[in-house]
Structure formats: structure tokens, C-alpha cells
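Presented below are the structures under discussion, each in the form of C-alpha cells.
Across the two complexes that follow, subunit A remains constant while its partner is subunit B and subsequently subunit C.
Up next, the complex of A and B:
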């Protein structure tokens, strides 16, 4: 009977086309508003690395000065000093460790007629690639030896590689960066985790495009390439590059990868012991609690999804509710003019349950039509949102999951809206309807 | 086929009680063609609605094809209605956005028949009423008489044991009314019991029996008429020569 009712539902769309169009549009607008905001929320709050997000940990340790500190206060910065980063890399705790900082550099193309390309990249160590499962299209990550020797090697992002070399494999070629020759060892396939959780550069930058290049941390330090992004400096700092490296300024992002999530406590102990050791050396005087965050906890801590996004989603849901109330009214009007049909069907052998099923499936068909129209409107809304900024371009796109949710939401909304009108239709007394015709 | 004994139906509002039927007794035998007449408000439609299981009654007994329907729940009554009864209404009551085939299909869908059997039954029913060639037409494309024929086909498709007709010719002109009546007589001749409410005395006297209802009770006016089938068998077609009161029909 489902197919029969479904076909009746489709046929019913043609009846009272103006009323049907109004219902579909009402539903579509509500669904589109909800789906647009939900899509952005979904992309922002989605797990960017689900296969291991529970065993990648970001430490948060307070190395700030005691002066002016109130116990319980949050650390000055959520990044780490260079000294601590190097210490953790050397300690080799966990499966992998990655220290990184963002850099901006002018890259000089091999063709002299082309201008230098301002590029955004990351200075890190070779564990980064395995830790974050970066896919390679050519070559591979540099070696540990390259890290140790601070070699001038580079892994290119696929967009920059295409811009410079087209579709050819550039591995082995040299690229001039800040006046030095860097040998290309690998090219990444498209890799744009969203949000770009692995490095913190402010909430807006969390949804940036993919990196143009990656060079060894040691090489960046050797060439004194300054970081792009925020830095926390509360203590005294000696002047010059070496002064920055020796300082308590925090500008490095650090990640640990553990074999299993259950080893978290061991990592916590390691950090506590490390802080205690540093305290003996005259650092970490605040006695603050050392914290650990896995990827999702880190996104929550850094408020990747802001309250304004959540508020937008709630407002959109409220709007959907308003649309639903309107749809209830329209469905009541649509179904009430069909009381005589209900009477006939009841007289010819339809039970109340059959009538209920028929009208509810008819509501679902309206929901499906509303879903299609809502999807078109949502695509339009997302395109408009994407035009607002580069960051929003990254988040304002629909995936299969949201596509499915659109239809499920629309059909569910239509069914919910159809419950009362359907129940009313079932209450029709056939004898009265049949005589009144 | 249908037996009602001491049946009563009362409509109640917070101010008044209206006795639509009281002490209502009737027995319709299998294969009979019974017309029901009476003035407006006498209880004809209430009787037909109760007979068609569309309304419940307050007291008394009602046996349909030997089954006591008293106290039956809505689902059981619906199933019984679908299996045993066919309806023909004054206003045809076809579903306007379904074509003839789909209109006749409606009761068969609820019976859960498979597609082939439904198709066979629909085609046979529409052929019987002379509209097989217009299966894909919609009700609005037909005349009133043709629409009533479709309604008859819809009632016949389910092979009902009892056909209930509520003023089936009320919306038709004389010629069409006569044509519909002849069709009903043919159906009756093939063995289907028919119970027809009518205001038309000419049609009323054409049936085997005419039950008259006044003030919710069956009156003593019961005529015995040969059916068209019988009349034809006797070489008579006007059926006007054999009227006589048969009070035994009132139980």
C-alpha cells in the first residue's frame, strides 16, 4: 500500500497547485535556513581526523612568570615556547611528536619572468606528515636525518605545485625561497582538513585553505624565519633571534600522537614530571595544572564553533518551527476539502489506520518536494555566505551527510506538521460526508 | 441477508433527543431487490447508514449475512463493509482526480487483492456498466448517468453480497434514471441483493419489495413485485400488474 499511497501523494501535489506550492515553499524556506546554518556548524564542528582524533593530544602548560599571576588564571597563551618544543621533541614520548609554526614567505619561481609568489606554509618536523595522515601525490616526507641536519627541503601543497610546475612531478627540483635553494621532496595531494585544527592561528584562520609548503622546523630556525601569527611574551626577552629561542615566549604549536587513547594518563604524568623538572631549573613557577586536549576537546577549548554560530542555528530552527506552524495550517486547509474523499474511502473499506497512512505519506511527499526546493535554496544561501569571506568559502559547502539530513529534516518536518491534519482527517464521519455530497 | 430486530437509533444533543429509528424490524432475503421509501426525515438514510455499517445503533440486533454486528469495533466493521457491501450514492462520490480505472480500484486496494486480480475485476465491472472503453477518463469528462455507472462498477468490482443504494437516480434525468435502474435490475437478476432508498414512486414499485419508513419505523406498506428478471421470464416488462401487500416481509 505504501507505493499506492506514495503515488496518490504525488497526484495530490497537482491538486490545488497554488496551495501545494505555498506549502512546499514554506517548508523549503524553513529547511533551507536550518540547513544553511547547520551545514556551517557541521563543517566547523566536524571531526577533522576521525581515525585518530582521540589519540592526538595538544598540551597546555603555563610557563608564564610568577609576577602578576593569580592562581587559577588561564595561561597567557595556548602555544609553547621553542625551548619546550625542542625538549619534547628530544624526549620522544609517544608514537610521534610534531612541533610547528606558521610562516609567510616569498617563493621565486624558476621562470624569471614571473613575480615572486607570497606563500603561506608551515615549519615542522617529519612526524607531522605521518601524524596527520597527509596524502602524497608525488614523493614523500623528508627524513629524520633532514630534520637533524636542518636540510633545505620542502614539501609542496598541490595548489602551489600546480601553479609552479603544472601537472609534472617536481620532486628533485629546487625552489628558491628567501634566497635559498630548497629541494622538493614531495607534493601533497589535496589536503584541507576543516577546521584546520593542527595549528592555531585565531578562530577565523582555523578555516583557511591548505598550506602552500612545509619545510623542516630546524631549517626554518637556521634561516631565522619568523613565525606568522600570535605570540605570547610576558617575561623578559633578550634581543635577537637567539634571544627569542631562549625566551619563554610561546609561538610553537605542539602535538603528541599516542598509540592508544588509553595512554593519555601516561602522557599527563610525563607532562607533570616535565613541569616539575623545569620548576627545579627555575621555570614553570606558577604551579599551574598541566592540561591535555585531544582534537575534539581542543576545538571545544578554542571555541572553533562560536556562540554566534550556535545562536544562528537555534534561530534558524525557530524559523523552521514557524514555517511548520504555517504548514500545519495549510495542510489542515488541504485535507479538510478532502473530507468527502475520506468518507468515500471509509465507506469502501478503508480503516482509520489506512486513511492515517495515506495522508501521512501524502505529507511526506510534500516534505520530499520541500526538501528538493529547500536544497536548491540552501545551495543558493551557502553560495551567498561563501561570498562573504575566504574563510566562509571553506565551511559553506554541503556534503552527502548534510544532503541526506536535508531530506530527512524536510520529510520529518512535513510528517510532524501533517500529524494533526491527518488525525483530523481520520475523524471524518463517512455517513455525514457521503450524504452532504 | 439482512435482519434488523427491534433496532433503535437516537441522536442526542445536550438539549434534545431525536429518535431516528425505533423498534425497527426488517428482514431482507438473499437475492431480493428492496426499495425503501418514506418522507424526508423518516429515517431512511439512517437505516441505510446502519445497514452499511457506517453508523452504529443504540439498541436491538443487526445480522448481516448471518453475522451479528452489534458491538463490533471499527476495524471489524470496516473489514465487513469491504467484503460484503457495495455502495452507490446519490452524488456518485467518485474521487475526481482518479480516472475510472483507479476509482473502481479503490475498494479492491483495501481488500489486499493482487494487481492481476484487481485489473480483471475492474475491467469486468466497467464492461458490465458499458464503460470499458473509457477507463482512462476522469469523472469530470463523463455525464451524470455515466458517473453513476462508474459508481455502480466500483460497487460491483468487490462482488458484494448486498448493494446499498441511496437515491442513486436522484441527480439524474428520467432517461438516465431509467437506464441506471435497468442496470440495477440486471445486477439483482444475477443474484446480488439490493437495498435502494428512493423518493421516486415509479422506481419504488419496480422493485420486488417496497419498504416504507415513517417516523423511524417500518410501516405496513410492503409491495411484492416481480423483478425485471422475473417479469422478462414471464413475458412482462412493465411490472405493474403484480402489486400486493406482503406484510410477512416485516419480521
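Up next, the complex of A and C:
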């Protein structure tokens, strides 16, 4: 019977073409609007590293001066000073530790046909790669020895490697960066966690492309490569590079990886002890609470999903609701002219349940049609959004999950919209209908 | 009038078949709630986007960032900067060029804390800092509201790596003056301090600019809190050359400048250029994007609502064929039938609008509490109401005209 009703539903699409087209279109537009905004929200707020997002922790400690401080005030910056980063790295608490900051470096390709380029990369220590499970195509991360010796080694991102060396394996070769020779030790496979959670550089940079390169933190410090992101300075700073290293200026991002999420309390007490120790040296005089965030908490704290995205999603859902109300009205109109048909079927012995099934399946057919059309529209809308900027290109793409949701959503929407008109259709009393024929 | 007389029977008729009426009213209510808020948000965004930067003829301006120079000492770096300026100035079509630490709307630059005296423990305000090596009044077309421009003698040459030296004078914007010295008529001659405590640097205000947006061009008064300092710096992490081209020649000049700079350098340079137009587009891309999305949603809302009204009205016309026929046979004129449908729709729309206004206020409250929006002005509610009244009438005219054209003979015959 299902198949028969389904075919009837498809046929009935043609019965009232203008009305049906309107219904399908309304549904499609509503579904497309909510799906495209939902996709963006979904990608933005997704877990970028599900296997360990609850074991990676970002500390937030307030190292600002006591002068002019009112207790309870937010820290000036969410990053860490170089002194603290170095202290935490050498304290070796937890499974792994990574300190990092964004840098810009001039690269002079060996190939003479390519001009010098300015590339964006990250200065960090070797733990970074294992901590964030970065995939390698060639070679591997540098060694701890390279970290201590501040060696000039580099791990290339997939795109830059391809640009400079094509498909060949460049491991072992030397690359001229800011006039120095850096030996290539590894090349990453495409790696674009989205959001790019590990390095916060303002919301607009959170959905960027992959990093071009990675060099040891110690090497970047030795070459005095300045940060490419923001820096927060409170208190007085001596001029020059060493002055910056000794200062309380914050410009480094720090991550701890723990063996299990349950060790969080231990990390918390480690940080509290650290702050207490530093207080003996005259630092951390604000005695502010030392905070810890895991990956998802951190994304919430830094508002990775902006208000505009939430607003769009809400409005889109309001719009979908309107489309549903509209579809209810139109279905009511469509079904009401078929009261006589229902009367005849009922008189011939069809139960209310049969009528209910028939009309509900018919609504689902409309929902299906709306879903297909909505999907096409959503692809169009996302393509349009992606055209707006490079960052949005990463965000505005649909995955299988969203594709399934679109379908389920549009069919459910149509069924929900169809419930009331279907119920009304079932109320037809055969006797009165037949009499009035 | 007769209209008053008709409202009661229409109302009683409506009460007998509520479903359709409720559906239409609900549609009107939802659309009105969304439309009023959406239009308000669009208006807010458009206001933000259309703020002037304070820079005249933005389309002729662009900035150049040059890197990958050989490491050099202070004096050599300063000489290179001057040499670069001379090279750029030599390109035909260049009107003016100056080394600056940042340009408005570019999203790249630095802010620093300023206070009113040394004892003040906390800083009074964070200001966006424009460090310029020559006067930028002509280059950017800025207007002085008070005081004067820098003298040639006031420009310093400072090594950011070794020196804690700082210029003695500063030009601030009106917004900065208002922030630091609220309500004071003239601030020229007053001192402000960069930083806090004993090491804070004292500078004297010599001029007040009408307006100069910050490098971030944030929303609100914050977006214009900037200061201009007369210094040429070496080892400066933020630096670029701001160039004004002859009107209409910007794109050609940009290409020529790049080629000329590359030719003049011994090392392969990395040159990043951005026109101010690009900076402005990038700064407001999100605002424009949201505004356009909301406008699209509003248009769709109106279309969907209108189609809903047409659909339900058509349904009613079909359902009431017989009644209309009887009424016509009993002497009702076409205009009476037309008026009946329009009045009926008007009543439903009005009910929907009443609910919609309440819903719009509710939605606005939600947006205020969750997404930091401001309160919706009443004008938007009134405007949206008028739109839906008109929309309702337009949408119902078609089906109503069809109803009016039903001839009494055919309508009553088929029974």
C-alpha cells in the first residue's frame, strides 16, 4: 500500500501545479536557509580534535602588575609570557607540553623562477606534533635535541612544500628563510583542524588555511623573530629583544596534554603552586584565580562562534517556522478540495487510518521534493557565502552529516506540516459528502 | 458608513471557521517579528559601515609593506626608509608618501595605554597609535579642529630596540579628547602620559583632529580613539608606507611602485600592498554580508507570507462559491463581495500584526539579552505594521476579485 500511496502522492504533485510548486518552493527556501546557517554553525562549533579535546588544557593565569588592579578584573590578555612558557616547558608536568606563537618569515625558494615569499608559520617545540596528532607525509618532527640546541630545522606544511618542491620528498634539503639555512626534517599531510583552535589570533583568523611551516621555538627566539599575532603588555618593558623576553608581555600560547581528563585537578594544583612559587620572586602579585580550559571550553571562552552566526541561525529557524505555517495553510487548501474523493474512498470501505496514511505519504512526497530543492538551494547559498572570503570557504562546506540532516529535516517538516490538514481530511463524513455530490 | 455595519457579520463568520484565519494571522505575526528586528539590525550595520574614517579621498590611497631587508643598524635602517620614500615619490602619479606605523581600517597596528598623570595607577584609555615620520595632514586629508600640525623640528628618529626615547608632542582626535578630558572645551597645551607610573612618557597635546578612525575601526566611540606621534622608528614591528596616488591612477601606480622598489633592491624583497578600498571592504565584509543576508531573508519573508495569504484566500473563495452565489443572487453587488474579502483579510492581518508586534518585542528582548543588541525603536514596529497591512491588501485583491466575478447563476446551479 505504501508504494501505491507514494505513487499517488507523486501524481498528485501534478494535480495542482501552481499550489504544489509554491509549497515545494516555500519548504525548499526554509530548509535551505536553516541548513546553510546550521552548516556554518556546525562547522564552527565542531570539536576539532575529538579524540583528545578533553585532555588538552590551556592555562590562563594573570601575571599583570598589582598597580591599578581591582580584584576580579579580567586578565589583560589570554596569552602567556615567554618566562612562564619556558618555566612550564622545563617543569615537564603532564604527558606533553607545547608553547607556540605565530610568526611571519621571508622564504627564498631555491628555484630561481619563484619570487621570495612571506609565509605564515608557527614557532613551537617538538611536542606540538604529537600533541595535536599532525599527520606527516615525509619525515617526522624534529628531536628534543633540536629544541635544546635551537637548531635551524623546519617542518613544512603541505601547501608550501608542494609549491616549493612539487611532489618530491624534500626532507634533508635546506631552505633559505630570513637569510638563514633551515634543514627540512618533515612535511605534513594536509592538516586543517577547523576551527584552528590551537592558536587564537582573533576570531577572523580562527578559520584559516593550514600553516606554511613550523620551526623550533628556541630557534625563532634566537633569530629574534617577532610575533605575528597580538601581544599584551602590562607594566614596564625594557627596550630590545632581551627586554621583551624578560618582560611580563604575553604573546605565547601554551597547551598541556594530560594522560586522562581526570588529572585536571593535579594540573590545577601544579599551576597554583607555580603561581605561589613565582610570588616569592615578586610576580603574580594579583593572586587572581588560575584558570584551565579544555579545547571545547576554550572555544566557548574565546567566542569562536560569533554572535552574527548565532543570529543568522536563529533567524533562519524563525523563517523555517514561517515556511511550515505557510505549508500547513497551502496543504489545507490542497486537501480541502479533495473532500469528495475522501468521501468516496471512505464509502467504499477505507478506514480513517488508510486515509490518514495516504495523505501523510502525500505530504512526505512534497517534503521530499522540498528537501531536494532545498539541498540545491543550500549548496548555492553556501557557494555564495564561500565567495565572500577565504576564511568562510573553509567553513561553508557541507558534509554527509549535514546532508542527512537536510533530508530528515525537510521530510519531517513536511510531515509535521501535513499532520493537521491530514487530520482534517480524515474528518470528512462520507454520507454528507456523497449526498452533496 | 456601511463598512462599520459589515464588521460584525464578518467577525461572526470568522469565528465559525477559525483555522485558516489563525494560520494567516500566525504567518503575519512571525514575519512581522522577524522583519522588524531584521530591518533594525540591517540599519544598525549600515550605520556602522557608512561611518567616515576621517581620511579624504580614500580610493586614491594604498599602503606598502616591505620586508626581507638585510639586518642593519639604526642609522642604516633610517637611511633605507628615506631612500624608499624617495624612490616611491619618484614614481609618476604618486602625490605623497610617508612612512607610518599603521593605516586606518587596516586591522594591523598597535594600541597603548594613556593616562592623565604619573600617579594615576591604571591607564585612562587605550589609544590606537599612529607613528608617522612626516606630517600626514595632506597625505590623508585630515582636518584639524583645534591647535596646529607638527613642526619639522618635532619629528624624532628613534631606535625601538635600544631607546626609551619618546616624542614630546602629540595630536589627538576629538573622540580621544572627549574620552580623556570629558566636557572640556580646549585640550591643546595639556599633557598626557603614555604608560603608567614613573616611567610614563609625558607628551603635550598640540592639535586636535576632527576625526581619524583607529586601525581596527571598532564600533562606537572606541573606533575613533587614536593619536598621532611624530617619530621615525627603526626596528619597528609595525611599519608601512602610506601612498596617495593621483586621482584614478591608483592601480597603475601600485604596480609601478612595486616594480621600481624591486629593481632598486639588492635582496629579493617581499612587498605586500593593499589599497585602502581593500582594507575598508575587508573591515566591513562581515557587516555587509549579514546585512545582505537579512535583506534576502526579509524579501523571502514577504513573498512567503503573501503567497500564504493568496493560498488561504483562494481556498476560501473556492469553499464559499455557493455562499457568494447566494449573496449575489440576493442582490449583493460585486463591490460588496470584494469589500467583504478585503475587510475580512484586513481584520485577520490586524490581529496578526497585533500579535506580531508583541512577538517582535519579545524577540528583540531575547536578542538584547543573548546577542548584545540594542532595543528596537517603535518606528520599526510601526513601519513593519504598515508594510503588512499593505501586503495583506495586495495579496487578497486577486482572490477577492475572482470571488467577485463569480456569477450567481453558475454558483448556485451545481448544488
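Everything that follows uses one rule, which is that the second predicted complex is superposed on the first by the 432 of 437 C-alpha atoms of A that agree within 3 Å, B and C clash if a C-alpha of one lies under 4 Å from a C-alpha of the other, contacts with A are read in each partner's own complex, and residues count from 1 in each chain.
Here, a contact is a pair of C-beta atoms (placed from the backbone, for glycine too) under 8 Å apart; a residue touches a chain by one contact, two chains touch by 3 or more.
Source: prediction; values computed, not measured.
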{"item": "Partner chain in contact with A:332 - subunit B first, subunit C second, else both or neither", "value": "second"}
{"item": "Contacts of A:117 with subunit B and subunit C, given as first, second, both or neither", "value": "second"}
{"item": "Residue contacts with subunit A in the superposition, subunit B compared against subunit C", "value": "C"}
{"item": "Partner chain(s) touched by A:281 [first = subunit B, second = subunit C, both, neither]", "value": "neither"}
{"item": "First (subunit B), second (subunit C), both or neither touched by A:4", "value": "first"}
{"item": "Which of subunit B and subunit C A:354 touches, first, second, both or neither", "value": "first"}
{"item": "Touched partner set for A:344, first subunit B, second subunit C, both or neither", "value": "first"}
{"item": "Contacting residues of subunit C [partner subunit A, same complex]", "value": "19-20, 23-24, 26-27, 30-31, 33-34, 37-38, 41, 67-68, 70-71, 120-123, 160-164, 195-197, 199, 237, 268-270, 272, 282, 285-286, 289-290, 293-294, 297, 300-301, 304-305, 307-308, 311-312, 314-315, 318-319, 363, 367, 370-372, 415"}
{"item": "Subunit A to subunit C touching residues, read off their complex", "value": "19, 22, 26, 29-30, 33, 67-69, 104, 106, 108, 115-118, 178-179, 226, 236, 239-241, 306-308, 310-312, 315-316, 318-319, 321-323, 325-326, 328-330, 332-333, 336-337, 385, 388-389, 424, 436"}
{"item": "Touching residues (chain side subunit A, partner subunit B) in the complex", "value": "1, 4, 11-12, 14-15, 340-341, 343-354, 430-431, 434-435, 437"}
{"item": "Complex interface listing, subunit B residues touching subunit A", "value": "45, 49, 52, 54-55, 74-75, 78-79, 81-83, 87, 89-95, 97-98, 106-107, 109-111, 154, 158, 166"}
